[in-house]
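Note that chain A is present in both complexes that follow, paired respectively with chain B and with chain C.
For the complex of A and B:
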């Protein structure tokens, strides 16, 4: 019996909580991705690199002498400017062509490669580190959990809720949803559609940047870090339904739990194939994903 | 960087001062001067340049100066083979060295065999080079992976008798073979294994494995992850307190100057087994470190030191043979004893592997300090070469 209790206390319970903290991180990444897809119908291949740029901007701000909390506030704002400029300067130029999907996919993929190399040239290829602003760990009923990860879980959950409220309970959100539902009708009703597009893209990029700062103390900072979460974030968006916030949250938490718990029983190397297996099954059963698009939800 | 670097003859002036009549002995150096391993190639070059300069100033080998001819192998065995062939066929080099990755060493060894010339590696770790894939034309002057494991296992047996060890490796060939090698060395010295896990390469979060580690209650954690993976593993272990009251040990490539800065104090206490440390407290090493630092403006690492040592090995062998003829040189190198910054090394005749004292080193405030020493005979391990 002690062995079984040991297992529950030391293995299963921490595993599920760890899974939850990774889940919140994944949802933060998927959120920006799904909003951009839901509204602009653009698959942002550079999302992971915006996440990396967020982490590096935080490194630069800390080096300049600011503390972590300032970096946490300023980085998303700076990233929003970068996102706005990217949408206005690049994406909008190919947005109205006939094969928008291909062109924007290639464009953002190119942007991703350029950004990764720029980070390498400016900051070097060696990994960097941001010290966690909250030290120590909390011990509850034998469970041991770092305080900073608790902070990420709480703040991450609040952010996710705030994004949902913004999209579904404010007039700005209503404009975004209207533009996603029917861009021509919205435009004729006075919604400044192209500004809404650029702002939404900027918002999604800011979310990626925010995730970059928040997760940097846990995962460290290096030029290729953008590839880390982007694959699982894409599968979360596909499973949850392209453009659905509810779907992203649900799929994100579910998939990370599956990965976390399955790694106890099967070799960790299989956790990615498992994830993509689930994605394929969902696509066969419900090609549109679990929930509908942003405009309909 | 596809350009060929031919850095001919240093110090012709020094050689001329001694008015050597002899034609130069040509040493081909096939080493990565660009790409991932450029940092290692740089140490190799510094070590060789310094030794060649010293030897030439002192009168050369058999009255002939050494001439180094460099070729960039880009850490790619296919390129290494072409460059080695070119050195043997076109430049007519007498001896070859410099190969870094084990694949290049094995491939270039075959080229040396075909050209009836000898070569030595100063860097490659893979046990097979002087084991089941040994060659009569290939020598190794540096310590192999098995010797590093032996040194670490010996230190562990002395400091943590009957250790309960948990193994965490990256899930590919290098990760699995290093874990297997250390495990057998440790179990041979009485350690118990409490579990193992292999995480995917580029794993981002190790916390899903910490439950297993905690419930296994190990006294020692052995790891062979490298690069960014080490940064995450060490920082996350500290975050979760997994390394509290646990000794963390690992492969010699786990913590390097590339990733140490990002780990910081979370790497303190890490112990590994190596063949060299600039802190070795002997007059010979102090003299070498001072000369190296003066020439390179950097401290020597094990690659630089063993590359420095290989030219003195060649000198000792050529003088013992009285010739640079391949068969006579080979006979002279077998069982050869020569002086290096690490002390006297012996090339074992049976497998062409250098025997040397090994060290256990521990990280403290970003620097490795020597915490243990294992005699050459205890670290070398059995002869697994059956080809000659």
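For the complex of A and C:
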């Protein structure tokens, strides 16, 4: 069976590794979405645009003469400020309304429209490219993998682990989970709930921005880049269970693997319908997704 | 007492806008005003020999039909559709293909578009109606995104170019889509018919069921009704309305493109509904007219009109979530009452 082994080694393995490097970025994106939903009950329709803004901020910082590593550190910080301002200035205003779900969804949708047009005005509609900061490729098991993709995989995995530790093993994370579980009780116990809300939103937005910077050297950067990408992130969050961190990680890695392996057999055009079909099947079986909410995790 | 409290707390903040009962006169007056203004506009434009604005207004009415379908779901049933452009685009494609290859009859194109949209609505509804609240919104968004991407990449449907050179059909002897005034009136009659049907349905037991589902779905089941069936019916009806509205688009512009199914179109329909007034039915038509006009005015200064529309939308959602007509109706009613009382 040498042909089959060759296929595994030279066709399937590289595809899976590539899928994994996209996968960690999708997971970062989905983590932001799911944490925001788990705590604030807000569907952030602007998440894809925050991802795009992250990529563009990196482009701007590089143009200003900073190197990629500075961009990698500064972009999430800048995005966190933007997210904090969005929560405090806009979302907070409709947060106590009776149908918060719909209103915040519509609100972030409006924000998304504005942000996309701002990107078009500032940077133009044409796709931009940034150089991969790590050149070259590494040979493993007779195959060459671009070093930058390996870097994305390693750093992305570390970040995912860090998010998990932050939420489940620190006192800040305990406050966030407490606020998600019962906001009135948490408030009466001294948790600064409204600050926790704004900070969590900022954190989720920073994760989207981080995914944007990390993928910018792999994909090209254009104003509507967030829209396709956010669809995968939404599917991941829905399958994993809205608000579930474990669900976002597992579903994110699984879906991106399905996507990259299926592209060996079917045209990439059909990979979105395939992912969507999986999502519908999972929802038929478990309408609430695979895992529970943030407060219960 | 507890039951009473729960039924009031679950009512949406921007509910039906009081289109029934105490504010009925004002709502009727505002609806009448819209169609009178439309006729007045048509007369003025015809007298001045204008074509551009008449065509633009026709487009506003077509997107008004799409907004009506969104209002049926959002304002009446409490389902937020983020992918209604799917059925609009589907209707447009079916109509374009029928007109181009199927003899070019207006009525055949409309019938085919509506029938295909109904089937697609049934299929999409079976998938989307299973889920509630935000899940429904996201799944309708995903459905449209997936289908539009497939259409965008299907060469048989013209891929990203769409279908061009769609012949403009004759509606009635002497009235064709090529005639700006005639076609404006055709679309106006279509939109008025959709509006009248939906307004009538609102008062029937079916409409009451939808209101009940929006207000508190769980209790509808306890009363012995199956919410699922009513929601699916509303979804299919909305798909038909969106599809029939979409069918008018290629007759007006002579082409269809996959952009008609894109999120921009779905999003604009939701914006029209929210800005005009959710659940008021006439509000979405006002919203569509207002925003199409605004886009045209802003568009003559800059290509970036989304910034203006998006900002307006954010402001409306935060400051006046019931929309223009949602606030105008009670105000007008108060004025009418005062005048009636003084007499």
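Assume the second predicted complex is superposed on the first by the 293 of 297 C-alpha atoms of A that agree within 3 Å, B and C clash if a C-alpha of one lies under 4 Å from a C-alpha of the other, contacts with A are read in each partner's own complex, and residues count from 1 in each chain.
By definition in this document, a contact is a pair of C-beta atoms (placed from the backbone, for glycine too) under 8 Å apart; a residue touches a chain by one contact, two chains touch by 3 or more.
Keep in mind the model is a prediction, meaning the values are calculated, not measured.
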Which of chain B and chain C A:18 touches, first, second, both or neither: first
Touching partner for A:149 - first (chain B), second (chain C), both, neither: first
Which superposed partner A:272 touches (first chain B, second chain C, both, neither): both
Which superposed partner A:182 touches (first chain B, second chain C, both, neither): neither
Partner chain in contact with A:234 - chain B first, chain C second, else both or neither: second
Contacts of A:118 with chain B and chain C, given as first, second, both or neither: second
Contacts of A:106 with chain B and chain C, given as first, second, both or neither: second
First, second, both or neither for A:287, with chain B first and chain C second: second
Chain B and chain C footprints on chain A, overlapping residues: 227-228, 267, 269, 272
Residues on chain C engaged by chain A in the complex (per definition of touch): 9-14, 80, 82, 127, 130-131, 133-135, 137-139, 141-143, 145-146, 149-150, 153, 263, 267, 270-271, 274, 304, 306-307, 309-311, 313-314, 317-318, 321
Footprint of chain C on chain A - complex, ascending: 43, 90, 93-94, 97-99, 101-103, 105-107, 109-114, 116-118, 120-121, 227-228, 231, 234-235, 238, 242, 267, 269-270, 272-273, 276, 279-280, 283-284, 287
Complex contacts: residues of chain A adjacent to chain B: 6-7, 10-12, 14-15, 18-19, 21-22, 126-129, 132, 137, 144-146, 148-149, 218-222, 227-229, 259-260, 263-264, 267-269, 271-272
Residue ranges of chain B touching chain A (in the complex, touch as defined): 171, 197-200, 202-205, 207-212, 214-215, 227-228, 231-232, 235-236, 239-241, 258-259, 261-264
